[in-house]
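Chain lettering (A, B and C) follows the sequence in which the chains are written, and residue indices restart at 1 in each chain.
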Amino acid sequence: MSRQGKIIGGVYLGRGQEAISVGTTFDLRNDDIVSPIHRDMGVFLLKGMPMRNLMCQILGRKAGPSKGKDSWSHTGDMRYNILASSSMLGSSVPIACGAALATRMRGLDSVAVTYFGEGSTARGDIHEAMNMAAIYNLPVIFICENNQWAYSTPPDREIGGGKIAKRASAYGMEGLSLDANDVLLVYEKVRDAIHRARQGGGPTFIECVTYRMMGHSEHDQAAYMDKNQTAAWERRDPIGRFKQYLVEQVQFTESEDKRMTERIEAEIADARKFAESQPFPEGPEALEGVFVP
Amino acid sequence: MSQKTLIEAIRDGLREEMERDDTVFILGEDVGAYGGAFKVTDGLYNQFGDQRVRDTPISESAIVGYAIGAALMGMRPVAEMQFMDFISCGFDQIVNQAATMAYRYGGDTGVPLVVRGPSGGGISGGLFHSQTPEAWFTHTPGLKVVCPSTPYDAKGLIRSSIRDNNPVIFFEHKYLYRSIKGEVPEEEYVIPLGEADVKLEGDDLTIVTYGWMVHQSIAAAQQLEKEDGLSVEVIDLRTLSPLDRETIFESVKKTNRALLVQEDKFTGGIMSDVSAQITESIFEHLDAPVMRVTAPDTPTPYAPPLEKFYLPNQEKIVAAARKLAAY
Amino acid sequence: MAEETNVLMPPLGESVVEGVINKWLKKVGDHVSEDELLVEVTTDKVNTEIPSIASGTLTKIFAQEGDTVKVGSPMCAISANGTAASVLPPLPSEDLPTIQQEVAAEKPEKEEDTGLYPVDPNNIITVPPPKKKQTVEEAAAVTSSLAKEKSSPLVRRIIAENGLDISVLDQVTGTGLDGRVTKDDILAFLASGKKVQAPAPSAAPTIQAPPTPAVFANPGVTIPTDTDAVVTPLAGIRKIIAERLSYSEHIAPHVTTFAEVDVTDLVALRGKYKDWAKEEEGVSLTYLPFVIKAITAGLKEYPAINSSLFDGQVYTHKNIHIAVAVSLDQTGLILPVIKNADRLGIIELARAVQDLAARARTNKLTADEAKGSTFTISNPGAFGGWISTPIINQPNAAILNTGTIKKMPWVMPDDSIVARSIMFLSLSYDHRLVDGETSVKFLQFIKKSLEQIDKFLLR
């Protein structure tokens, strides 16, 4: 759709990182909070946002959650407790922590899951957020998506001190690093963290090690990426792995797979058709929505 | 009715809002047991506890960011910046996150937070304890900006700022905290945002101003009345954004001469905008150019003779008014 | 019926304006499915394969490999030929989540402005050259420049509201900076009841113009964007002319009546005395003085036409002042006035026209000479025009255009057909002021005068 000129502006796919979106949100309740970023579109859907809404958002239509005001993932919907993010990667993390603070102050056991890339951990906002979350013992799960590329910068030039998960202990916080292309592993560890947080056990930092399977955006040729490395990670594709697991463990059949795929494609086609038929907002609507009444 | 200082009026406003609505809470550096660097929150910790009067580390970004997250979840946080000079450490959270949230949510979800703190000079505070950074925020759509000049206004405005469903940046002049006293009613009252106040009525010349300069302007007006027989009207903006154009225009249409006074610097301050709006909209009512009294384009200096040179004051306002009256 | 869809070059990056066709993956005649890869395109940022936006047969290729195509321009055309686009399995029976109630699902009716970046390079507006200093000022505007410098917007407004001219400031004592007049000064002056001296020596009192009628709002006219236009602001004399003409058209219901004039005898007369006029009198003898003479006589016969409707009052002028249109090359038209034209003979009229035209073209007219007419004449015939529908020069009641003189076959009183010199007159009149009968009779009077020129002049 981007190459058909239907998506205006930047497109940032999360191919190869799907296990993170699924594993982290599968056990969340409606009253739990998420603050997904640009490669976590799956989180929007799993948290309850209808695909049609998300598609309208991507295509800049008035019917989308931001009513065309911002692009891609820079929106949210408090009916599903999805916090809106921005291009300032890292700035969404203190906000998610603040949401967790609010639920604690109200005596609720909701948790907040906040997503950020390994690159954005270089920003002060994340340090401040983690520091304060540890002091306040907040129910926050920090999901660091280490896909090993911050645009064209690899971790050894982005992360001082090597492994990011080590930083958690500096904040007196539980921290772990895992193979995030294994959806069941992600699910299991996040489930534990959610459980701990609900019981008042405080924040957890989970470094999800994965790989960015294409350039930073659709406009990035990514000649700096090693094709062999990408091919190796292709063999660890989370969807493929999980399918293999299902085939081996529960005799998942080809026809079941086909039926499921068709159903999903139909849903996507419906959402796409719906969104493409929706009008863009009109020019003067740019003046609306700056304040709420 | 009782006589209160500015700081007492603000403290009372905070306390009464917290009593009235338990989603209101305060966070900031040293605001808890210590009562805040200027003691604005003194006593509130004892009354409301450490959850609702919450100390934070030195993390302006996180202070504002957390406030945004809590506000999205239905709380009404009041974040204190120890000095408004430090607001720049939380700048991204204010202008890119808080200010644009409602827009990104399609106008459906607001961020009801207040960022408040002491601003302004006159206490030999130097570069980083004397700033008047209002203009960065009046320039940002999605924020409301308030600056009261009297205890009565401060209490009414802090209450309505807390009750507003959008982010409000609330500037309190540190010099005025304890140096002025005013009548404040006991009963509950609020002052709506976006309304200026005619502090002094006059016919010959209009002064538009805010904050500490309101007092300097009133003193100047009284001197001009006595010495020159000039009748000067003084308008206190109270809310810097959204601007109360109506009150300003009504006054300038009456007097035909406008003098805009701000403690902020010459370039890019709020009065540059007010001037443009006046000439744009009511040109044919002007009998003279719109003039300004401002600080120069320098950082706020520290040594007393330097700061005195830097700050606008009664004397400079009188001189400017005389020049304007004679045009 | 095959429906054809053009596949356009999409925007492939934030600042990308064009792409180069690298390789066609399909050829003309091939079947293409929606989303199937169609062509490989290169930009300075990216090498991309573009998927098709429709299913059907690839019928046309507009750009070959190696060609550069601008973003938004068509690369190829696909013809839907009856086979349905990708057939999807029906949606499963469980309810799919839908958008909340406020969303309308109807197709948008008008073309949306998607505000797509990047900017279409065909749509760049040329910045106009800086405005040249005006060479021709509006002659009627007499202002005291010093007064203007010294007055504030407020003071000028007070002056205007009191129906005075800005030059009144010369009579007011200013107590402001450098002697400028303040609000108090002008108000005091007005209150003192001092007699306001007329600003110009003309005998006519200044009469306030009636309020101008409202300008129509644009009902949706737009400018075409693909005409490679040079854009300059409407300014100077063109602007003034535009305003005057629009105003006249708007307030006066115009009717134009025509008369054909057999000027054969006039042509002969003029031909006979042309050289003499040049050598002995120093004037270029054209047909214009004769026409003016006929007009002045006509206006005496039909005084209703020598009138003005202004601010609800009808002014029937006793004096006859004729404005003569003088063309200023391509920049516009100026209308110098011959005062009391009825008192001048043919040669005198010729001289007056010549003199005014020369001075008009060199910007040496006085203020008085450029205004105050009671009737206007213009000669588009000089450029070959035959008949026309002129626009009245307010506040006149009518305007006469003379056409070119051409030989035409003419039926004579004895029914013979002979070649005669024919000139057409076009008279536009303000139907609020003048009725058709009077106007036609007036024009016929002029016609007869010119046709029997010798008798006319002898009278």
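Quick notes
Convention: a residue touches a chain if its C-beta (ideal position, glycine included) is under 8 Å from a C-beta of that chain, and two chains touch if they have at least 3 such contacts.
Just so you know, these numbers come straight off a predicted model, no measurement behind them.
Looking at A-B and A-C, the interface holding more C-beta pairs in contact is that of A-B.
The central chain of the assembly on a C-alpha centroid basis is B. The distance from the centre of chain B to the centre of chain C, with each centre set as the mean of the Cα atoms, comes to 53 Å. If you average the Cα atoms of chain A and of chain B, the two centres end up 40 Å apart.
Per-chain CA centroids place chain A at a distance of 61 Å from chain C. Annotation for chain A: no residues touch 2 or more other chains.
Touching two or more other chains at once is no residue of chain C. Remark: chain B residues 25, 51-52, 56-57, 59, 61-62, 64-75, 77, 92-93, 96-97, 100-110, 141-142, 144, 165-166 touch chain A in the complex. Of all residues in chain B, those touching chain C in their complex are 256, 283-288, 326-327. Interface residues of chain A, counted against chain B in their complex, comprise 33, 64-67, 69-70, 74-78, 83-84, 86, 88, 91-103, 105, 112, 124-125, 128-129, 131-132, 135, 288-293.
For chain C in complex with chain A, the touching residues are 8, 10-14, 45-51, 53, 86, 88-92, 96-99, 103, 105, 107-108, 112-117. Within the complex, the chain A residues that touch chain C are 2-5, 8-10, 50-53, 56, 60, 63, 218-221, 262-263, 265-267, 269-270, 274, 277-280, 283.
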